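In what comes next, chain A is part of two complexes: it sits with chain B in the first one and with chain C in the second one.
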Partner chain A sequence: MKNRLIIIPLIFFLLIILTFFYLLIIERNPSEIPSNLINKEAPYFKAESLFKDKEFISSEHFGNEVILVNFFATWCKPCLDEHEFIKGFSNKKKIKIIGINYKDNPKKTIKWLKKLGNPYSNIPLDKNGRIAIEWGVYGIPETYLINSKGFIKYRHVGPITKKIYKKINLLIDEIK
Partner chain B sequence: MIKNKIIIIVFSLFFTCFFSYYSYSVEPDEILNNKEQETRARNISKNIRCLVCQNQSIDESNAPLAKDLRILIRDKIKSGKKDEEIYNFLRDRYGDFIFLKPTLSQNTFLLWFLPFIFLAIGLIIIFFNNKKSKN
Partner chain C sequence: MTPLLGSFTIWLSLFFCIFQFIITLKNKNIKYLHLCVNGLLISSLISFLLLMYSFIISDFSILNVFQNSHTTKPLFYKITAVWGNHEGSMLLWILVLTLFNFFIFKLIDNKNSSFILKTLLIQSSITIGFILFTIFTSNPFQKIFPTPENGLGFNPILQDPALAIHPPLLYIGYVGFSAAFSMSVATLTFKNHQNILWYSYMKPFVMAAWTFLTIGIALGSIWAYYELGWGGWWFWDPVENASFMPWLIGTALLHSLVIVEKRKSLQAWVLLLSILAFLLSVIGTFLVRSGILTSVHTFALDPSRGIYILAFTALLGGYSLILYGINSKKFFNNNYFNSFSREGSILINNIFMVVVCATVFLGTIYPLIIEALTSNKISVGEPYFNSTVIPIMIPAILIMGIAPLLNWGKEDKLKIFKKIAPTFLSTIGMTIFILIAYKPNSVLGVVGIILAFWIISNNLLILIKKNKNYSKGMIIAHLGIGLLILGITGSSTWQEEKILKMNINNQVQIKKYNIIFEKINEIKGSNYVALQGKFLVYDNNKKFITELRPENRFYPITNIFTTEASINTNLFRDLYMVLGEGNSEKGWVVKIYYNPLVMWIWLGALIIFLGGLISLSNNLKKLQVLSK
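What follows is the complex of A and B.
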């Protein structure tokens, strides 16, 4: 009986150690918060559009085809780093990309896009950050993949890397 | 004279440290004129996690997102929204993690009750062990 009593806490202790060890070795970012909007309809919003006279109304765009939504700003260095990959989605995958320009100066954005290339089919302006809050954004760049029914299927926080680029490409093929 | 100076320095250091804990990041232009509404906004803000710093409430955080959320909460209060509606709005977008104090739900059931379950198991083991040794 006494031996059994010693074994029980030992098993618990080993289980805790194994759990922590597992969490240490798997690839994860503990500070990354999972999106609460996965498999939910993309939030509705209206906003001024950068290159177009017509106001951007989200419901007119989402729900017809697979769309990538990218929150970006010219003052954000990681946005510059991922720009080549965003262009890759536009050129190679021929996918529609909505670039939500987060708290930025429109003149600077136009200059930035002229210099680096514009992969976005429409650029709604999020002047006060309210659209980002509607989408549960907490740090740009953030990228969302919307399926043809207008539902959010994937969210990536941070710049798109080679690995994430491949992952999103596979997801696009999967949900197309 | 030197003793007095040391006392003053120690006291000012103590008060600086003590009150800095209670420092808040609400800026003057954010504060609502209606005192009751402002108190509600402060109470809600104290329960909402700053998702950038992750270990501070938006009431204490200087992060731009925390400021945006504070303004949003005040706008919602001004437009007549109830506290519950504001909490639900934030939960819908950021999940339960937005609350500094975890809510009681199916997912957090173990987090809340596991210590009590372990305590009960321990007490049962002790109880039966005592009974056996007495016999």
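What follows is the complex of A and C.
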């Protein structure tokens, strides 16, 4: 009896390690947090716009075509990393991208976009982070895909990587 | 130049470490071992100092410095930034490993050389694993070109004195268990284990690891309490659990080692615990660094790191536990002992600690298991941990109060009643006093207070009597636990919270305090600007108590807002105030907490730490006698 008991720690250990391995290997993203907003209408908001004099009113933009909404800031390093992919969406997919500038300095943002290129068709300013709260943003960068009826179809937390870029491209084709 | 030199010294450490591995494996050329062990320690110390130097002079040609520092940062935080990030902290981890390697080597003498050599063999394999990990997945000296003008700054939440020294202490704890692990594995492979006092060698290492882990965890809590502004000090976050689990196993291990020393039983159990303590430390690191869990503490996501650490853990755990499965039978004996004795009560508490650890472990990885099986996402939070851990802890603490009074072997049941009578009476007295004076409304709170007094009075009495039969360090540490329980009970049971909007000249009442919002100022710090509220606190008799100045800080370099809680502390309560968002027209959101007895948590932890240090020095003295 006693002799058999001593391999129990080993068995438990192996089971746990296997679970971890499985989770590391499968297509899984711990930052893919299920959003309560999926398949619901994108939250309404009004905000100052960066390059335009006109105030940005979300209901004027959402609901006509497929739109990508991207929360970004110049101070956030992962935003810099994903910028090439955001440009990719704008150039290759010809999709409209709204870039919500989160808690940022407008002057810095203009400089940043001049240097790196501007893929956004409109940039509402979320100066105090209110819009991010409404949208349930967990941490920037964060990206939402909105269909032509104005419903949120997909949400990604964190920078867009090659894998996610491909995934979003497929989703765009699907709902277009 | 520095980056090149830094990378070179890491490779040099690897070289010495492999050299040590070969020497200890072949059991030959032992005269070179001295060179290896010292070389390893010195080269890893130099690489660590080089990184520190790069942070001090703000050498932004190094990616790590660029990402985590800035020229305007205060010097103290430039230094602590070295271990405030993943890559640098791995360097610290290696340094501590090699330091313990050095201490193990110091134990070597004619009688035990083959055992120590085996231990050093295991220790060097662990160190090789971590050095390879650092070189290939997280090189802190990676260069960046072109050299940026200035760094990205440093998360201001991490600019806190408690957090600055928290990681090194915690690492001494985690890594200290590596020495116990190595000795355990060495013992399991050793043929003449009866001739070697492996447990006496293991004990000071476990003692050191446990003591530093305790204070490291406490400092992490202090940071969370003062810096996060959430009004609490423990959140059952996966990262907190990752440090709590080795602590629980370490506690069990520490006490079992005493039994092994005195009675020579429980050897197989101690060997298992020392393996588990280190494995849990490494699994904790894996959970934090691999990005497999989401938590407020987690480091950057990087799957390749995750795979590496996990493979390494699997190797360590697989090897040691298979070895345990094959060889631990040799360590069994049939010395059954009376449960009503010192060793009996320690064993019962051992089981409680392991059960608590298993419960915490289950809660921490349950979301992962569920996700692997069903791909649903769930989270396990405070209610689970509170409702599972507390009921197991209550009997454990009851036994803890009485265990030091029991004799080894067998206790006379009548005598023990005499022994505990004074404490029993004083506990009842104190409890009645509390019941009348404060009229507490919570059953759990009353239970907590009783337990705290039970432990405190037991140990105070022993301490006052100056009884030589007890280890002073142990009694002091136990006293600290009593105070800790007092603080935990008070702050978690009778906390009061108020969240409201306040305008200037408004006032609010919390407990017996009346708080008046006097004004709000803009102030400037060295690398931040802040809004500072000024609140005046009066008690019921309109007597002025204190002024609270909570701040809302903005760090322009990293563009981060932080809240600085303002706290007025005395031995009975903390008044804890956080300034939220708002403006002068609509008013400001203000959070006020009345946290009873929080001070005793920190004092308790400090006293446990002191007790641990006293025990550690006693154990080291014993070890010196042993080697003579």
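Just a few scattered comments:
The definition used in the following text is that the second predicted complex is superposed on the first by the 145 of 176 C-alpha atoms of A that agree within 3 Å, B and C clash if a C-alpha of one lies under 4 Å from a C-alpha of the other, contacts with A are read in each partner's own complex, and residues count from 1 in each chain.
We take it that contacts are C-beta pairs under 8 Å (C-beta built on N, C-alpha and C of every residue); 3 or more make two chains touch, one makes a residue touch a chain.
Keep in mind the model is a prediction, meaning the values are calculated, not measured.
Here chain B and chain C are compared by how many residues of chain A each touches, and C touches more. When both complexes are overlaid on chain A, the residue A:L24 reaches chain C alone and has no touch with chain B.
Judged by the touch definition given at the top, the superposed model places A:N128 against both chain B and chain C. In the superposed model, A:I16 lies in contact with chain C only, and not with chain B.
Using the contact criterion defined above for the overlaid structures, shared-chain residue A:L37 touches chain B, although it does not reach chain C. In the superposition on chain A, A:F51 makes contact with neither chain B nor chain C. Look at A:G136: by the touch rule set out above, it reaches chain B but stays clear of chain C. Residues 31, 33-34, 103, 128 of chain A lie in contact with chain B in one complex and with chain C in the other. For chain A in complex with chain C, the residues that touch the partner chain are 2-3, 6-7, 9-10, 13-14, 16-17, 19-24, 28, 30-31, 33-34, 73, 75, 77, 103-105, 128, 158.
The part of chain B that touches chain A in the complex is made up of residues 51-52, 54, 64-65, 68-69, 72, 91-95, 97, 125, 129, 132. Touching chain B in their complex are the following residues of chain A: 1, 5, 8, 31, 33-37, 43, 103, 128-130, 132-136, 138-139. Considering their complex, residues 67, 152, 268, 272, 275-276, 279, 283, 286, 290-294, 301, 303, 306-307, 310, 313-314, 317-318, 321-322, 324-325, 328-329, 332, 365, 368-369, 371-372, 377, 558-561, 581 of chain C touch chain A.
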